[in-house]
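To keep things clear, I will list the structure first and then write my remarks on it.
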Amino acid sequence: MPGNSFGQLFRITTAGESHGPGNVVIIDGVPPGIHLSPDDLRPDLARRRPGQSLLTTQRQEQDEPEILSGVFDGRTTGTSLAILIRNTDQRSSDYSDIRDKYRPGHADFTFDARYGFRDYRGGGRSSARETTARVAAGAVAKKLIHEAFGGQVLAWVSQIGPLKASVPRPEHVTLQQIETLPDGSPNLVRCPDHSIVPQMVALIDEVRRDLDSIGGAAQIVATGIPPGLGDPVFDKLKADLAKALFSLPAVLAVEYGIGFGCCELRGSQNNDDFIPGSASPANPQAPPVAVATNRHGGMLGGMSTGAPILLRAAVKPTSSLAREQQTVTRNGEPATIRTTGRHDPCLLPRFIPMAEAMTAIVLADHWLRWQAIRPH
Amino acid sequence: MPGNSFGQLFRITTAGESHGPGNVVIIDGVPPGIHLSPDDLRPDLARRRPGQSLLTTQRQEQDEPEILSGVFDGRTTGTSLAILIRNTDQRSSDYSDIRDKYRPGHADFTFDARYGFRDYRGGGRSSARETTARVAAGAVAKKLIHEAFGGQVLAWVSQIGPLKASVPRPEHVTLQQIETLPDGSPNLVRCPDHSIVPQMVALIDEVRRDLDSIGGAAQIVATGIPPGLGDPVFDKLKADLAKALFSLPAVLAVEYGIGFGCCELRGSQNNDDFIPGSASPANPQAPPVAVATNRHGGMLGGMSTGAPILLRAAVKPTSSLAREQQTVTRNGEPATIRTTGRHDPCLLPRFIPMAEAMTAIVLADHWLRWQAIRPH
Amino acid sequence: MPGNSFGQLFRITTAGESHGPGNVVIIDGVPPGIHLSPDDLRPDLARRRPGQSLLTTQRQEQDEPEILSGVFDGRTTGTSLAILIRNTDQRSSDYSDIRDKYRPGHADFTFDARYGFRDYRGGGRSSARETTARVAAGAVAKKLIHEAFGGQVLAWVSQIGPLKASVPRPEHVTLQQIETLPDGSPNLVRCPDHSIVPQMVALIDEVRRDLDSIGGAAQIVATGIPPGLGDPVFDKLKADLAKALFSLPAVLAVEYGIGFGCCELRGSQNNDDFIPGSASPANPQAPPVAVATNRHGGMLGGMSTGAPILLRAAVKPTSSLAREQQTVTRNGEPATIRTTGRHDPCLLPRFIPMAEAMTAIVLADHWLRWQAIRPH
Amino acid sequence: MPGNSFGQLFRITTAGESHGPGNVVIIDGVPPGIHLSPDDLRPDLARRRPGQSLLTTQRQEQDEPEILSGVFDGRTTGTSLAILIRNTDQRSSDYSDIRDKYRPGHADFTFDARYGFRDYRGGGRSSARETTARVAAGAVAKKLIHEAFGGQVLAWVSQIGPLKASVPRPEHVTLQQIETLPDGSPNLVRCPDHSIVPQMVALIDEVRRDLDSIGGAAQIVATGIPPGLGDPVFDKLKADLAKALFSLPAVLAVEYGIGFGCCELRGSQNNDDFIPGSASPANPQAPPVAVATNRHGGMLGGMSTGAPILLRAAVKPTSSLAREQQTVTRNGEPATIRTTGRHDPCLLPRFIPMAEAMTAIVLADHWLRWQAIRPH
């Protein structure tokens, strides 16, 4: 399996480049009988779409999904489901300069080292454009986990540069808060702490005008997850979620629960007490147990506890910069480069639907795995 | 694949519980012709072994490996290699109290939620004892990557509680510095910053006497890695390494390169310039290119750049405590629990060989994958 | 992996139904640098195409392939390669009768038993139309094994009903003999024993006019295969080839070498003697050994010997018949059915490119696997 | 996955050689709660055991299984289950002659071509001794499918050389008929047509005294299989069963239902009519439909119909012969060889439990897959 598939039972396989005809995903393992149409895919694709505001790349793509198979009479059939999203606004001439030079921080050099040459147009397969296919698949996964057990996945921007959001109760954040400001205008940075949004917008605009970019962090929360999801040892839920997030472009760090904060704690400070709980509708066999606090981020022993799953990912600043940088040519000769294509000054706002998609795909996969191997 | 295998081509499958007859690993994908004997496995097993010092659990296991197959006349045959490590010092009576109560921070509850019941003796399959099999397999992986391309993996303790080591040039740290103090005595905490070792030892001893535990962090460094290792999209090297480390017990966070530090940086601050480099002996096809700095942690686009791979993992404080904690029974009734078994006051010193093993296994796997699909 | 993928390293994943928008295949594991264009895919797609003669279904499809990704500047890039073949001649009204009744010999009932409902238009995903995607992928596999080691795969019709071809030296048969008669006209049945072709054509035409169908057998030969391809134990070359052929619709039996003929032989009659041979250019490490005869069909211990690989598959008569048959409705009530859609009176002529494709895909997969794990 | 694993969800991974310390299997995907002890494994291991009669090899092995993990308090835990069977009667000196010569019909040459060298003692990993691990795993699979849906798998010898058994109603054959003759003595050839058993015994004894061997065929029947098991396209039940059987040593051909007999039939002769049936307890969603006849061997579209699954496999005569044969050395020089080790004059009697095991493993795997992806 050379790297273009993810998941075991809910399994996605993708293909497509930034400037090729389009991106396609085949989803294998969608249970039969789920109502599905392109309307289910469009909202998340629109959240991921380039050109949605001045804070993102100005490439214009409608990202209209075509369901090629796996749906009949409006319901999934149980056989493989393919979705095609065509590219329409490639401007390959923008990228001719990067054919022979390596953009700092980018995958140009490593692709050449791996394959001997590369599709340099817009980064080819290394472009975040490949995540279009993931987001489409994620919308299917979201629908599955919601119908199967009421699961929900939301992500938002928790930090842009030094600006950190304050979100005391992450499990209560709504999609509305992430997407829309109190005045009804779009929440361009997708941060539910509306008090800090103006500063975040200003910072991104500043780095953009400065021909620079800025990093940040995203918070992901999954609620309604029944206790017992995940497998011990190698396919721990935390391990699969980490792989899912690290597989996204520009992610340099992932933590769950208290994360790196655990380094400084004692066990007596870190452990969350168990308390009496109620039965889980989605997993009635699980004992009626809950946790008093959630430093453990909803997972123990790599399996869900029923508490909200809390993840955090760090996203580096966009590598492509319109300002001059030092680099070398393919022959190793010193050169300067200035990337004149259309790029996001900050990846975070469009990262949100990608992070939700990958999280939902992992949960859908483990839901199917759980159904397969249960108490006899 | 229900979770007891890891890797695609260099693939390990493990079985075994804390108090069963033993732990076994089958390694599939070991190339033929590598010289291998139990002597190659013993050093890392000894580093992982319980009872090695007062800072670790006092369970006494010799962890003697038996190679059951896959080696003939001292060389690997190319067929599946099995290694068995028997348990010898089980004291199941120690654990009878945890049959009906859930230890806070532990996998007892989630195992019951997943499987309906559990092997409660010493945590069964959730015990870190299962990592014995991983460490044995990791020793094989280390040998493979060293013979194949001169690769080396080292890990060490970089933080215990608030105490942080200072290691300015991680790529120059030696196994000797990690394992031995200047006076020739064993470096019990496996921290190469010897100036802080006494404080770390004192802190662990303090929490131990306090019937408590303490968290910390580990640094992992892989050197000699040729540029181009890894696959784009889902099986990025960073993604597989993150999954590998998160699959280890008690890991709550993983970062590579500048990690969470990237959130606050601008692209112009974060990008590492490319500079002229020399050809890589292990990948002569790669362009003669190097990076001036290493904020990127040796990976771009999910593939290695040839710079040292730098990872950091957070390990929570041991959940099992000899002091009283609040919990519930299997029926959800409030209870108190005091775990009287033998436990590590700090997991970090024994975590080191586990982290090295998983890192080496990922590198070995991607080395084989790289050989399979190369420029034609 | 719920069944729509095949292969480990050269891995195809398909989607598509008979009457949906089209069929798509994602091929993962194509090495970079292979020259590829739609022209490489068209010949085998044309051989599989419906409507090519009076002996096949009259559905008219151009089966024009669109390469969606994985090729740049005329060469494969090493990343996933997607091919889309749109359906253009669906006539769904033809199939309305089969919505509520089960066609004898068909997958209608088992699909309902598996998934609760089905896309009944033309058989949906159970239609042989899904093999379009396989044949496109097979053309890529053929190109890979030919460039990598000079391997070639050919198949032909060896039997139609009671009519058996005589082909004394299968390894000398050419594509020309399979596709074209001596007078330059198309060899409609794809049998290289031209003396029996007229009878075969007449028999197929007779069953067609009789509103019936007829079974037959295909011979598959792979030449130029270096010794040592395949893996011991579960992924024996013979096992993967058998799975590949049995995964094709209507295949009821597969044998290799002497096949069922071995039941009656003694070891002294069946064993093929080894004789001195010459070195294999594609596997210079293999000893200079050959086999005097080829009852073993080119494989011993599940690995290739360097002798031609000889396989034979039985293909049942088309299940869909325009004549009346006894069946039941979805509610289990007795009914009669007459399938009025367009069907092949004999599946064999169009089965040939499918069998070649699946054989080539297995060989490509094992070639990559062989490169990954070799003598060290 | 380099070839030592089989199955997706009920997944076995094996290791071990003929003359190493032993054979081990790790079974991943055993649902929790199944009662299991070594007593469940011993009967089939005894049926596979060498030395059980004069018709088999005289190597003496007790084949006592040790369950290393995955069972607690007599029940499976849901985590990986490992079984070790030690070798005790290796006589490596018997095999020293085959170090430098290739036995005709054997895997010696292909192992050298694949790996550069081989464990030549008793055939190493190519020895049928590796099937010990499969048979142990098969016993677990048998127990699972029986508890889950009342499924049963039986196999028997249907042909030895020219001697063919007559078994008019294969679905009514009992284990008793296969294992025991009417007079209570063991049925050494495992053929339920007791009228032909004496001739079969005599023939095997004759070829044994003649320093020769003889081929044959096995019939496999699976009953109690609910309709709808299997997946369409690549993982058809017939495809996975074929791979399972072809992965066994010496199998040259597999057919199901009417098999090669379909070549000569018309569709109107071959199709089995559907008739009203009753609901399947194991799959209540399946329509109440049955088939009037069973030329289709219990599978349509690659999924089970509820009718008995009927398979037939051809097994070649043992390659190792005590008589002189022509061969070459590793250097390609002509030589003669006489294999003086202990070998079965006919593989069929001991093949039976192997065939049952692999069939049961496929059914167990698809049962779990079916539970994972069902109507929503």
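Residue numbering begins at 1 within each chain, and the chains themselves are lettered A, B, C and D in the order written.
Note that in this section contacts are C-beta pairs under 8 Å (C-beta built on N, C-alpha and C of every residue); 3 or more make two chains touch, one makes a residue touch a chain.
The chain list, named the UniProt way, goes like this: A, B, C, D = Chorismate synthase.
This one's a predicted model, so the numbers in the text were calculated from it and none came from an experiment.
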{"item": "Given subunit A (Chorismate synthase) and subunit B (Chorismate synthase), the chains that contact each of them", "value": "C, D"}
{"item": "Higher-contact pair (C-beta pairs counted), B-C versus B-D", "value": "B-D"}
{"item": "Chain centre separation (subunit B (Chorismate synthase), subunit D (Chorismate synthase); CA means) in Å", "value": "39"}
{"item": "Whole-Å separation of chain centres (CA-atom averages), subunit C (Chorismate synthase) against subunit D (Chorismate synthase)", "value": "26"}
{"item": "Rounded Å distance, subunit B (Chorismate synthase) centre to subunit C (Chorismate synthase) centre (Cα mean)", "value": "45"}
{"item": "Junction residues of subunit D (Chorismate synthase) - those touching two or more other chains", "value": "1-5, 8-9, 14, 29, 32-33, 78-80, 114-117, 125, 232-233, 369, 372-375"}
{"item": "For the subunit B (Chorismate synthase) and subunit C (Chorismate synthase) complex, residues of the former touching the latter", "value": "9, 29-34, 76, 78-80, 147-148, 232-233, 368-369, 371-376"}
{"item": "Subunit D (Chorismate synthase) contact footprint on subunit C (Chorismate synthase) (complex, rising order)", "value": "1-6, 8, 14, 102, 104-107, 109-117, 125-126, 130, 159, 161-162, 207, 212-217, 226-236, 238-247, 249, 251-260, 262-277, 280, 283, 285-289, 292, 296-297, 299-306, 314-321, 323, 325-328, 330-334, 369-370, 372-375"}
{"item": "Subunit C (Chorismate synthase) partner contacts - residues on subunit A (Chorismate synthase) that touch it in the complex", "value": "1-5, 8-9, 11, 13-17, 20-24, 26, 28-29, 32-33, 66-70, 72, 75, 77-82, 84, 114-119, 121, 124-125"}
